[in-house]
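Quick one: the structure is below, questions incoming.
Labels A, B, C and D are assigned to the chains in the order they are written; within every chain, residues are numbered from 1.
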Amino acid sequence: MRSYEVKNRTNTEDIKSLRLVTAIKTPYLPDGRFDLEAYDALVNMQIEHGAEGVIVGGTTGEGQLMSWDEHIMLIGHTVNCFGASIKVIGNTGSNSTQEAIHATEQGFAVGMHAALHINPYYGKTSLEGMISHFESVLPMGPTIIYNVPSRTGQDIPPLVIQSVARSPNLAGVKECVGNDRIEQYTSDGIIVWSGNDDQCHDSRWDYGATGVISVTSNLVPGLIRELMFCGKNPLLNSRLLPLIEWLFHEPNPIGLNTALAQLGVVRPVFRLPYVPLPLAKRVEFVNIVKKLGRGNFVGEKDVQVLDDDDFILIGRY
Amino acid sequence: MRSYEVKNRTNTEDIKSLRLVTAIKTPYLPDGRFDLEAYDALVNMQIEHGAEGVIVGGTTGEGQLMSWDEHIMLIGHTVNCFGASIKVIGNTGSNSTQEAIHATEQGFAVGMHAALHINPYYGKTSLEGMISHFESVLPMGPTIIYNVPSRTGQDIPPLVIQSVARSPNLAGVKECVGNDRIEQYTSDGIIVWSGNDDQCHDSRWDYGATGVISVTSNLVPGLIRELMFCGKNPLLNSRLLPLIEWLFHEPNPIGLNTALAQLGVVRPVFRLPYVPLPLAKRVEFVNIVKKLGRGNFVGEKDVQVLDDDDFILIGRY
Amino acid sequence: MRSYEVKNRTNTEDIKSLRLVTAIKTPYLPDGRFDLEAYDALVNMQIEHGAEGVIVGGTTGEGQLMSWDEHIMLIGHTVNCFGASIKVIGNTGSNSTQEAIHATEQGFAVGMHAALHINPYYGKTSLEGMISHFESVLPMGPTIIYNVPSRTGQDIPPLVIQSVARSPNLAGVKECVGNDRIEQYTSDGIIVWSGNDDQCHDSRWDYGATGVISVTSNLVPGLIRELMFCGKNPLLNSRLLPLIEWLFHEPNPIGLNTALAQLGVVRPVFRLPYVPLPLAKRVEFVNIVKKLGRGNFVGEKDVQVLDDDDFILIGRY
Amino acid sequence: MRSYEVKNRTNTEDIKSLRLVTAIKTPYLPDGRFDLEAYDALVNMQIEHGAEGVIVGGTTGEGQLMSWDEHIMLIGHTVNCFGASIKVIGNTGSNSTQEAIHATEQGFAVGMHAALHINPYYGKTSLEGMISHFESVLPMGPTIIYNVPSRTGQDIPPLVIQSVARSPNLAGVKECVGNDRIEQYTSDGIIVWSGNDDQCHDSRWDYGATGVISVTSNLVPGLIRELMFCGKNPLLNSRLLPLIEWLFHEPNPIGLNTALAQLGVVRPVFRLPYVPLPLAKRVEFVNIVKKLGRGNFVGEKDVQVLDDDDFILIGRY
């Protein structure tokens, strides 16, 4: 299922140079389907404020709550509408090698510029199995590997990355285990993006990371861009930390979903098992916005504290 | 699941003016997956020889043998690679209203320019049910309705078309019941494409059809373009009739699949229940090509008679 | 995917002797999911009144509006709850050979006693292709082939049946083209069930049919049982004809769905593209019930004329 | 989608009393489909040696590598063939609430006796979200909740279990965090099964666990039955520990898959991302079998050391 038409468009080097990639939120209609108008607005705001790539259907975008046909559709939609302005990186990873193969073929076929791959979470496997898993998908196109043991229950150790780095398609690693690991890779010439917003400033300026794959940039894309592009800025970094701490108080994207709803840029619709943050936290967010400045956040409406009744939680969609 | 980004791209008038739309063949790899390289080459040849639109996953393209995720992927792929050069019309019709709704939403989301819809074949329904079926999908975007009672077991009578023609999204009708019906519609101001290659010359020049949605143009796009664009040409029409008769000797796309394989532009791989034409017919085709001139046909290789053993028939894919 | 556990349960001879098989209705909840309680009640009434088999997800049961996972679930459910009392024949046919193979494997795996197979409707194929299609699924277990050109757009000619009849798994043919065809098969030793309720009496007693695969028996199972088991009975046959004519006034199962709702045994929920019969026809049905006797029909509630507003029509489910 | 036919069959008390439940292996054909004959043989051996329940499609059975239609089919198949002899517990859990709802409805519809549910792994959620997730599926039937933070990345804390224990459908907890947690639950009257074979003896006899949901019982069902039924037996427990350690040297089911292939009861076919243990470990297994006695293991063939080339690893199926 190769296609020269598609292959000739992106090469791995184009991916390696990205400094700000946003793990974009997927917004929903009240019946649980995608709200593509709201989604398009979110992506447009990212482009406008300087994000260079989006992860479509990452854990932030709730790929784990999508059927594969929805997921591939969203990748295809994003490429079709925005592919000329921003790199589209589809999270076509899975803990099932078969699903990862199928989704990655389809994602590249509809034009995604790169794939994001995860080690087999939950089911887990041996290191040899992990390598086989990645080798099943690497030949298809530019690839970022994502290491997040707090979600997967299993670290991807450097020897696995070193093994798969022999493929010219490996663009780099989205790494969440910390700056020592990042330094280890970057000193070996392997491209790394920080997967932790609270560490990304130091990762970028002190440990060799190329940039960040960010959640926070959904909210304040311009500030995260500044953090990645405009030189060391510990002051800005420390100003952002309260927001970042608030965002990750509960597993992501609970905070992000709550925040975007209160900013009025998405409907307050949650697909279960996600539920909004409680009222006290919702009040906190409004204060954080005011402190950082509403103008730094996406959207134009006043930020508001939503009531419990404003939220729609959906189990069947 | 609406998206202004997508909506603003095509309007129904753009579809109404198409004269040559090819119901494009879907080629396969030996394991039954899509052969996207061969597909891209086929679409490029259509663009080069003047086709203005393609039907993706029509009965010719064997949409009935695709899973919906394959089908939407192929639509998204076609839009992504060729959408700037040719109109992409996704056959997102189904005899299940639910499937038609879901596929049509997805097809428009990945950027198709128009949808092709069929009345509920096999399951059938009442005329009131047929209207409800079409009304469920018409609001989503530009739409062509396809009437082919020899496949569906049920005619779409003019009163149904007149009813749904109140929607501004109805681009027109692909009509297979003959020129009297075509004349009836075109005299009422409803756009019609001939769905029968053997009648399309007369439909176009004598009965008011705008053009043709063609199978034969997969093979000889330039000649069918001439037939639709360059004025009445009964001589050319009669020269094409032996090819057309050969093509439809067995249910389409059996002839087409056999022909394209012998022209060397697709692998000789069939998804069951399609099987190649028998040897005698395969010999006939080579003679037809020689008579019409190899240069009028797609591809550059010598046309050849394939052996039974050259074909791969696949039931599991 | 063979299993001796399952295989040893039913042999083709058990299927060949069935005289009354009901193409059972699938009832729905207001959100469009299956109403399994109502379904179980319907099947129980069939068992009680002497039906010996059910077709699950036939055209009557709206298999064409089911996802395959729903379809296989319903087969598994029926086997699990009723398999000891009635033969469960899954309509695992499809116009896609791949889907037919997959569904038939799954259907036999969950214990269905036989498969019902259709020739490739809508997509159609050559006679050689048709034979290949049936030969792909026949090895899996007892099989009934269904011929209904008015739905499929293509007759299954006797030479195809004779070819596949070499398989010991062919139980017989559900034939809708009429009594001459039935006689042709039965005189050759091929088992046939009438697929036309209006002809089934004569098929059974004058043309050699073993029995009927009936729609009408959803409503009056005891009377259809009498028609098939208790000897020639032209009087009963003629008393049933007005009901049968009413039922097939619009494409089945529109009449059946309307009737069962008015008898109070299923909720008045239609999956599109089916819509209820109009009021005048609904009044007619009540009169037919009164004339034939409420006690001959399934259910215990008074038959009633439903209002337009009582019906729920669903496109997304 | 409720069904009295199904509901009346099992009550939660029937599940609460099970002492030996095997998380059954799913064997494959060389093309990656289920090998139902081998599967049936495995289940029959479990019944014969005293297992009282099976988990179908657990992490051991590689539910994470199944499509949902395969998964539900396997549950339905197991119920249909063995439901009278053994309790069938379907792993219809998912990190997507929607998928868990859909699969659990389908699983109960095809007759499973209980559902196994997991907290949302990988995607994770808040404790409130976790409770909402479980409450979405608990009303459907008898339920076991599975806590395995080393796979999910998130502990299910006692307050969540206490909250959902208000549902009469909660049969109990499969707990992997250790015996202190088990004691905490059992002293509160909550039923617990050990999820760690190396601890299950002590869990059962010293900490109040009702029994075990075991991987090792796939290999030596009779010995695990003895361990759970025949009183404290530290000697037997210590004799089993080398086997258990061997089994869990790499993430389960890698060891189990390797072992069953070498015992000759399943084909040496692995769905990726699982790969067999290396040769040295395969040799070790044969020695362990000899030491414990071949007769204690399932199957009748000689145990053998397989070569690397004997294994088939499959990515597309």
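Criterion: a residue touches a chain if its C-beta (ideal position, glycine included) is under 8 Å from a C-beta of that chain, and two chains touch if they have at least 3 such contacts.
If you're wondering where the values come from, they're calculated on a predicted model, not measured in any experiment.
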Problem set entry | Residue-number overlap at the chain B/chain C interface, same or different (half cut) | same
Exercise. What is the distance in Å between the mean C-alpha positions of chain C and chain D?
Worked result: 39
Problem set entry | Distance from chain C to chain B - Cα centre to Cα centre, in angstrom | 33
Problem set entry | Euclidean distance of C-alpha centroids - chain A vs chain C, Å | 50
Seminar exercise, completed: Multi-partner residues in chain D (2 or more other chains touched) are 316
Exercise. Can you list every touching chain pair?
Worked result: A-B, A-D, B-C, C-D
Seminar exercise, completed: Per the touch rule, the chain B residues reaching chain C in their complex are 32, 59, 62, 64-65, 95-98, 101-102, 120-126, 128-130, 132-133, 136, 149-154, 250-251, 254, 271-275, 277-278, 313, 315-317
Exercise. Along chain A, where are the residues that touch chain B in the complex?
Worked result: 1-6, 29, 33-37, 39-40, 68-69, 72-74, 76-77, 79-83, 105-106, 109-111
